[in-house]
Structure formats: C-alpha cells, structure tokens
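Working notes for the structure below.
For reference, chains read A, B, C and D in written order, and residue numbers begin at 1 within each chain.
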Amino acid sequence: MRHALSLFLILFGLWLIMSGHYLGWLVALGAASAALTVWIARRLEAIDHEGHPLHLAWRGMPYWGWLLVEIVKSNIDVARAILSSPAAIDPSVFKIKAGQRDELGWAVHANSITLTPGTVTMAIDADGTFTVHALTRASRQGVESGEMDRRVSRLMGEA
Amino acid sequence: MIAGLLDMASWGLVLAGSLVILVGTLGLLRLPDLFTRLHGTGMTDTMGAGLLVLGMLLQTTDWLIAVKLVLILVFLAITSPTTSHALASAALYGGLTPWRLSDRKDEP
Amino acid sequence: MFAAAAAALLVAMAMALVRAVAGPTVYDRILAVNAIGTKTLLMIAVVGFLTRRPEFLDIALVYALINFIGTVAVTKFVKHRHLGHPANLNGEGEL
Amino acid sequence: MIELIDVALLCMMAVSALAVLWLRNLFAVAMLAGSYSLMAATLYVVLDAVDVAFTEAAVGAGISTVLMLGALTLVPHEEKPSGRHALSGLVVTVGLGALLIYATLDMPSFGDAGAPVHRHVANRYIEDSAAEVGLPNVVTSVLASYRGYDTLGETTVIFTAAIGVLAVLGWGGRPGRRRPPADGETRP
C-alpha cells in the first residue's frame, strides 16, 4: 500500500509538472488519471519494492556523484579510442561475479556498468555472474578492480 | 557580469555537448562491430545529452522548463543502459560474435 | 550557439542514417535507429531554444519514452524469432 | 537556420526513402521506415505542428513499425527480385507527383495570415475556445467539442475496425503457440 501511494504521488507530481495548468477541474482529472494508472499497475502486479526503489534515490547521493565522475572519465577514454586509429581499441569479453545479494542490487550494478561508456553488461546469469563487454583495456580494468561492486553493495546496505 | 559569465558557461557546455555527440556518432560509424558501436551511442546518451541539457538549463529562468530538462536527463539515464543491455544480450543470443583485435585483418 | 548544436545533431543524424542503411546486421540497424531517436529528442529540445519557445519540451520527453519502448519491443521481437535457433546463452564458451 | 534544418531533414528523409526502395532486406526496410518517421516528426516540430509531430512519432515510428515487424514474422526476410520494370507504373507515379507539385503552386504561402483557413472559424477557436469550452489546448477543444460528432464518428469507425481485425486474427485463443522461456534466458 505504501508503494502504491508513493507511485500515485510520483505520477500525480509528474502530471502537475507536465500540464502547467492548475484549474480545479483539470487537476481533478489529472489525479483521476494517476489513480487509474496506479490501479492498472496493481492489477499488473507491477507495484513492489523493485518497481520504483525510492529508498535508493536519497541514500545513494554519494554513489550517484561517484558514478557521474566515472561516466565523465570513461567518456574521455572512449572518445580517445574512437578518434585515434582503430588500433587503439582492444575489445574483450569477460565475466565478473556481482557481490550483491538480490536482483535489485544486480540491476543497479549492471546498469551502472552499462551507463559508463566503454563497458556494457551483455548477460546476467541466475547466480549473479555478469558477462561484460569492454571497449578498451582500461575500461576492462575499471570493472575488474571491483570498486563499483563495493560501492553498489554499500549503496544497497549490504556492506 | 554574472549573466555574461552564465552565458559563456552555457555556450561552452552546449558546444562541448555537440562535440561529444559528434564523436560518439563517429564511433557508431568507425568502430568495427555492434558491441563496440554500443559504446559510441553510450557516449551520446550520457555525456553528450548531459552537457547539452546543462547548457540549456543555464539559458532558462522558467523552473517548469528546467524541471522538464532534468526529467529528460533522468529518463535517458534510466532507458539508455536498458536499451544497450537489451541489444547486446539479443545480439549475443542471436549468435553474433564480438570483434577481437585479432580480427583486424578483415577491416580496411 | 543553438544553431551550432542543431547543425551538429543534423550531422550526427546523417551519420547514424548511414549506419542504418549500411547495417550490416539487424542489431546495427536497431542501434542506428535508436541513435537517430535520441538525436531527434535532443533536436526538438534544441529547436525549442533556437526559436525561443522551449515550451514543447514535453514532446521531447514523450519521444524519449517512445524511443525506449520501441527499441526494447523490436529487440524482444528479434530475440524471440531466434528462439528456435541453436544459439543460446550457455554456449558462451566459443566467444 | 530554420530553413537549413528543414532542407537537411528533407534530404535525410529522401535518402532513407530511397534506401527503403533500394534495400532487399525487409527488416532493414522496416527500421528505415521508422527512422523516416522520426525525421518527419522532427520536421513537423520545426514547422510548429507539435500535435502532428506527436501523432507521427506514435503512429509512424511506433505502431507502424510494430505492425511491419508482425507482418515480417509471416514472410521471408528478403524481398524477391521481380526482374521486370513496370514502365506504366513509373509514368503514373511521376505524372501524379508532377500534378501534386503543380497543385501546391496554388496554395497560400506557409504562415500566410490571409489564407482561407485562417479567415473562417479559426479565429473564433483561438480567441473564444478557452471561455466557451474551458480547455487550455485549442486542438483538444476543436476535436472534442466543436467537432464532437465528427470525432465520435471517427472513433466509432476505428473501434469497429479494431474489433473486426481482432475477430479475424483471434484474440489470444491459440494454445500451444506460446513457448516457455529457454533456460538461462535473461530478461532485457
């Protein structure tokens, strides 16, 4: 129920931002459409702990900041690889074991890997082993150093 | 004075963002196979769009527009890795073999 | 300034279009169309600022969602049509 | 600058349209049609027709692509080379195209305030619709209120067509078609 309510608040807030009109009748229609969407989401059983992990948004501020810096660094790395001759790239496929316990932690970790250019998570096995494609040797070492793994675990409150 | 500085900063951000987008898309053309090309579009989606939107943020005083710009970034940050992963996993599933350095002879 | 950004986006669109035409694999084309979609949504935002009427940003937001849903749907379609083929994820050893 | 954007977008649309004709791989054709729609939608935004752009993106890039992919599951991936060139078809197409271009010469120029469309009821829609209907979006007021019966007829036609298509295709009632996911498959 708590998740349904927070989903409603998010949707309604989004509606208010997007509409820009604040007449009583229109706002009531917006609230009704948000409620209808929540009802449909409940029927789809899409409302759960994983659906919109709000708890991560606030606690994760240091993590998102760190990720931003990583994204900028890897962008420069990839840009250099593209602009220099194709010989500069050394693509490789490798596997790492994610340290997180549940699927939400894996999702955050895998998406963080993919979000930093230069590395893409290609597959996730049932035991949390990621198959990762890396563009350059540096980007591969970045993932294999395991720093992101440690930080995601801390974000998920596991370490 | 402050307005002039903000204007210059926004110029720099928008131009840098355009440059990143160009380089990333150049990667889409130049890199040898799908899996490597994914990294090029990743650049456009993260830093290219990010710098461009930041530059636009500095040009607006309307908070509604600012919120919408930030929302564009948030949506991109959520959807871009999902798309990349879906494509990579589908290509792997479809039997595409990632390009290795040893395949370079095939490239012109 | 926004004119320069618009020009850069147009050039990038053209390059992505070349990739979409050239292929060679199905996935390259999906990636190229997805890239064109991203550039389209940035283009709409930039055009809004270029004409000093940035009220149409919601359209860019909707494009972001359509692009995402479209790409994932197409990817799923391609993947499942290959479901009957021998390639599967457990055969990664040959990579 | 805006004209330059228009010209560049039109050029790219022409290139993708020619590529659609040229390529034999039908999946590539479906993808290129999608990118054509995306560029057309950008063009509509540049021309200030935001509502049209939105429809183009949803229908052209979204639903038509899905429909084409659905059709692709039923046919081979490669187009069969037909070998013969239909000269009469070319003549009819070029003739019709020339006629249409000739017809546009009579059209009022883009944004002309004295154009017939702008002299009829449009002014009343723009000036009074907020007071008369109470909706902020003029297009919505026109579609849902001033032309309400027209819209009702349109939606009835589309609804009936959808029911007809569903009745022909069958709605989910084919057991055995759905396969369970293979082992180790990840959800994208």
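Going forward, a residue touches a chain if its C-beta (ideal position, glycine included) is under 8 Å from a C-beta of that chain, and two chains touch if they have at least 3 such contacts.
Bear in mind that the values here come from a model prediction, so they are computed numbers and not experimental data.
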{"item": "Geometric centre: closest chain by C-alpha means", "value": "C"}
{"item": "Selected pair, greater C-beta contact count between B-C and A-B", "value": "B-C"}
{"item": "Cα-centroid distance, chain B relative to chain D, in whole angstrom", "value": "28"}
{"item": "Centroid distance [mean C-alpha coordinates] between chain B and chain A, Å", "value": "16"}
{"item": "Chain B-chain C separation of Cα centroids, rounded to whole Å", "value": "11"}
{"item": "Chain C and chain D, separation of their C-alpha mean positions in angstrom", "value": "18"}
{"item": "Where chain B touches two or more other chains, by residue", "value": "24, 26, 38, 68, 71, 80, 82, 85-86, 89-90, 92-93, 98"}
{"item": "Set of chain C residues in contact with two or more other chains", "value": "7, 16, 26, 30, 32, 58, 61, 72, 75-76, 78-79, 88-89, 92, 95"}
{"item": "Touching two or more other chains - residues of chain D", "value": "184-186, 188"}
{"item": "For the chain B and chain C complex, residues of the former touching the latter", "value": "10-11, 14-15, 17-19, 21-22, 24-26, 28-29, 34, 37-38, 41, 44-45, 48-49, 52-53, 55-56, 59-60, 62, 65, 68-69, 71-72, 75-76, 79-80, 82-83, 86-87, 89-98"}
{"item": "Contact set on chain D toward chain C in their complex", "value": "1-2, 4-5, 8-9, 12, 15-16, 19, 23, 25, 27-28, 31-32, 34-35, 38-39, 41-42, 45-46, 50, 53-54, 57-58, 61-62, 65-66, 69, 73, 179, 182-186, 188"}
{"item": "Sites on chain C touched by chain D in the complex", "value": "3, 6-7, 10, 13-14, 16-17, 20-21, 23, 26, 29-30, 32-33, 36-37, 40, 43-44, 47, 50-51, 56, 59, 62-63, 66, 69-70, 72-79, 81, 83, 88-90"}
{"item": "For the chain D and chain A complex, residues of the former touching the latter", "value": "134, 136, 184, 186"}
{"item": "Chain B residues touching chain A - in the complex, by the definition given at the top", "value": "20, 23-24, 26-27, 30-33, 35-36, 38-40, 42-43, 46-47, 64, 67-68, 71, 77, 80-82, 84-85, 88-89, 92, 98-101, 104, 107"}
